[in-house]
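Each of the next two complexes has subunit A plus one more chain, namely subunit B in the first and subunit C in the second.
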Partner chain A sequence: MRNFILKRMATAIPTLLGMSMLGFFMVALTPGDPVEMELRRLGVIFTPDQVAALRQEYGLDQPIFKRYIDWLIRLFHLDMGQSIASGRSVLEEFKTHLPLTLTLASLSLALSILLSALFGITAALTRSQTLGNFVQFFSIFLVSIPSFWLALLLLFIFALSLEWISLLGSGAWYDLILPVFALSLGSAATMGRLMRDRILTVMSEDYIRLAIVKGLSPSLILRRHITKSILPPLITNWGVTFGALLGGSLIVENIFNLPGLGQMALQAVFERDFAILQAYLLFMGLIFFASNFIADLLNYWLTPHFRERTNSQGGAK
Partner chain B sequence: MVDTPFFKLDHLTICHQNNDQKPIIDDVSFSLTQGQRLGLIGRSGCGKSVTSHAIMDILRPPLIRKQGQATLLGQDLFTLSLAEKRRVRGQGIFCIFQSPGSALHPALTIKQQMSEISTVTHQDKTTITDAIEYAFDRMQLPLRCLEQYPHHLSGGMKQRVLMAMALLLKPRLLIADEPTTGLDVLTERDVLSAMGIMLEETQSACLFISHDIRIVKKVCSDLLVMQDGKIVDRCTRDELTYRERAETTREIIDAMRVA
Partner chain C sequence: MKILSMRATPLGLNAGIILIGCLLLIAFFGESFAPHDPNKMDLVRRLDGMSWTYPLGTDHLGRDVLSRLMSGTLLSLGAAIMTSMTILFIALPIGLISAMIGGWVNHLLMRITDIFLAFPMIIFSLVIIGFLGASLNSAIIGVALAWWPSLARLVHTLTTDALSKDFVLASRQCGISPLKLVIRHILPQILPPLFVIMSLEMASILLVLSSLSFLGIGAQPPEAEWGAMLNEARPFFTERPGLLLAPGLLISLAVMGFNLLGEGIRHKLDNRSPFRW
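Coming up: the complex of A and B.
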């Protein structure tokens, strides 16, 4: 177990380093000077000297590699710099915006799992051809819809036509209902199809037939035998999906006007707010890594085969 | 009383769902008396396993039962409700599949797979534990296997685990579908002797499916020979070498001699 975790941590280091580099340079090399942008936004008439002074204050006059190394070193002290636009520290900004996005993504993942289980199990277990086809069609339909379009559609129906909710949001918990649906329906459909295929494959396995032949109750077979077999690939998928949902929140948050990380990031793009963007990209990478890691850890517990293989490899080293 | 059949299969015909030109199983009938051991032999693909699946009512989808009746102790198996079918499975009829490698759940321990039988036999925890230990002892399986997963066990051991399950279930009819396929001769001998012990103990009747006449002669008192989904010959073990046997039977016997 410890070996497995250590090994995964070790492989994470080059990945994260690569991501940090990519994120940093991509942002730093985009055209547009953040200081000039900020000054222009404030409507200040500025002289080249003033710009130079400000650039020095933010360390933007340094060569780019030195800036990267400095940034990396400060990162280890959880100092990700300062937002040029708001003047607050990046950490502060994250603390303000992160909870909403995490809630949104977690709720969306939960809803996706719930809906996909409903889809998948019904589609797999039903003998009715019509119902099977309907579920199949519906899931292809949902998979094909981009989340921003679904978000606009939901807003159009519930805010403009039915007027059940306010277009601007009211800051209450139910503001999250539509965004959660907009985010999760697509992934629920993908996951539902995966679940259906897995269940059908597993049901034709000999060990499920043995369970049937033993005379076990269908509910026990479903709860114990089928679930244990379909869970590992699904968990891996959930890990990836969670990362994707966090990323997808960028669009949905902006459409629904939710002050989360996505909105923060998009604003930072418009303002060339380097510090925020660089931290956001690294954070997204980290979340992707972490959710995959947690998924692998769960699978490690669930599959004896996997557990022993990784252990024996770890022991050989 | 002993000789009246307690299991009967009548006119079983199985077809491919979309193509009813040529049945895969064509009008197969046979019966078993209490404790009888009946061998079903034939070359691979002649429909032996499909017959056993049909009896258990677990045919794989493109195959459908076109006609036929199976009766166990006067109960018509194919007309039962799902819940009633479930009651017949396990303690009524149990089936040991041909590939023990895939017959056990890879992510459940042997103990978990053994003790869940208590939900079928309605035994409490201590009774089932005792029964498992007894069964393992009879099947000469070490108790440490209980905590292990199927991939730790050899093919012969897995097959004996399945036999131990049969010992717990005590089915009226056991269908053994090529239980020794893929095992070496020594392991085969161990598995067959374990099966002998198990059948003696459970007093089950046994439908023994195999392509290997050598083994069938060891295990069974009576034989059915199958060819292209039809029963082409029936005889007792002693009548096997008679001249007037069907062509398929002679072919199988000759092929065995050459080997």
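Coming up: the complex of A and C.
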């Protein structure tokens, strides 16, 4: 286990370094001199000499590679600069906004898994062609609906027509129910289809046919044989889906007016708050990386088969 | 239950072709057949309901919703097509080069795609837009930059597959020039499957672009992009929720059309039918 973790970490280092470079150079190569832009924004009258002095003070006259290293060192000390708009440190902004987004994405992942299992297993196992077709059609329907429109429809039904909830939200935990549903249904449909396809593939394998011929009950076959072999690819998919949900929370937070990271980033786009955007990109990349890593770890732990494969290949991709 | 078995039969493919066909017709001729000028404001008749003159009512500036939807089709579909073209333009050469040259070039290029793929797509697009400034063009660039790596990997896989065919090996042995090899033997093999994938990708690209416009960082008002129309209608959600219905429905239909088309073609190409219990 420890070997696996270390190996996986080692193979990840180039990617992580590359991610940080992408984040750094995206800002560094943005057209326009940051010092001049900042001075103009403040409405200060300045001379070229003053600009040069300020550039020296911020270390902007250094070669770009040295600036990258300095920036990386500061990043390790969790110093990600300051938000221009609020004047607070980026780290502080993240601390306020992160919990909501993480809760939203995690709850949505849980609900997606639950719903997709329901979809997928019914669609695959049911002998009724009608039900199978219905689930198939329903899933393509759900995949096609934009999440923002679904969210608006949900708001229309539950806030305007039924008046069960307030449009403005009440600050209580049940404010999250609609957002979580709006966020999960699409991914639940995609995951449900994947699960159905996996189950159908596995069911055509000889050992499942043998189990059927032996007269084992379908529920036992499902629990003992099918689950075991479909789980690894599904877990990998869950790791990827978590990243998509983090992105999707951007839209849902906006509609339901939830003060999460997505709202913060959107605000930063309008205010051209580059420090926030840079940190947002890196941080989301890191969370996404972690979720994929956890998925790999789970797979490693669950299946000896996966363990052998990764050992012989020297690191999972 | 024929309608419900859409995906399993060619009916799904037909439905997709019809949907996309209709949308393309609207895209090309919608502007000339629109009952009103899509940008003509009539503040006296703002937020009107359905009527014979305004079949879908008017928006907050008194503009005809139906005309805006019709003229916006070209913009919405066009943006998605532009995006997918940009993606192919980046992904095709990179995928081909890395597969054909191999070695450290391949390694480096694939590492670069890894780095881009490490970020959730829509988040990456949002940050790019943040640096470029919010507009439809930035949205197209942002989505294309977030999207090309997965396509480049696909092109790489398809090309590697195509390169291993005997007749390709034979023509290489005969000393065919790389350019000729690509045009005569590789592209004909990889373009059909790529086309299917692109149709499915178009569905997702359309979704992402309209999401960005809906958030106000893609197409800007008064552009009649569907997502932007939804965004403009949001403040009047309580007053006239109906305004949010038509654009959303149109986006869903377009996305579903591309999904059905892609699935349908894939089903046709793939003869292995899934096992049924």
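In this section, the second predicted complex is superposed on the first by the 258 of 317 C-alpha atoms of A that agree within 3 Å, B and C clash if a C-alpha of one lies under 4 Å from a C-alpha of the other, contacts with A are read in each partner's own complex, and residues count from 1 in each chain.
Keep this in mind: a contact is a pair of C-beta atoms (placed from the backbone, for glycine too) under 8 Å apart; a residue touches a chain by one contact, two chains touch by 3 or more.
As the structure is a prediction and not an experimental result, all values here were calculated from the model.
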Notebook entry, point to check: In the superposed arrangement, does A:Leu216 touch subunit B (first), subunit C (second), both or neither?
Noted result: first
Note to self: With both complexes superposed on chain A, which partner does A:Ser204 reach: first (subunit B), second (subunit C), both or neither?
What the structure shows: both
Check: Does subunit B (first) or subunit C (second) touch A:Gln136, or do both, or does neither?
Finding: second
Note to self: Just to be sure I read the superposition right, which of the two partners does A:Ser229 touch: subunit B = first, subunit C = second, or both, or neither?
What the structure shows: first
Next item on the list: Quick one: classify A:Leu250 as touching subunit B (first), subunit C (second), both or neither.
Entry: second
Note to self: Once the two complexes are aligned on chain A, which partner has more residues of subunit A within touching range, subunit B or subunit C?
What the structure shows: C
Margin query: Taking the stated contact definition, name every residue in subunit A that is touched by subunit B in one complex and by subunit C in the other, in rising order.
Written below: 204
Next item on the list: Under the touch definition given earlier, write down the residues of subunit A that touch subunit C in their complex.
Entry: 14-15, 18-19, 21-22, 26-27, 30, 124-125, 127, 129-130, 133-134, 136-137, 140-141, 143-149, 152-153, 155-156, 160, 167, 197, 200-201, 203-204, 243-244, 246-248, 250-251, 254, 265-266, 268-270, 272, 274, 277-278, 280-281, 284-285, 288-289
Notebook entry, point to check: Mind pulling up the subunit B residues that touch subunit A in the complex?
Noted result: 56, 58, 60, 86-91, 93-95, 97, 99, 102-108, 116-117, 119-120, 149, 151, 162, 165, 169
Note to self: Which stretch or stretches of subunit A touch subunit B in the complex?
What the structure shows: 204-207, 209-218, 220, 224-225, 228-229, 302-305
Margin query: Give the list of subunit C residues in touch with subunit A in this complex.
Written below: 1, 4-8, 111-112, 114-116, 118-124, 126-131, 133-134, 203, 207, 210-211, 214-217, 227, 230, 237-238, 241, 244, 248, 251-253, 255-256, 259-260, 263, 274-277
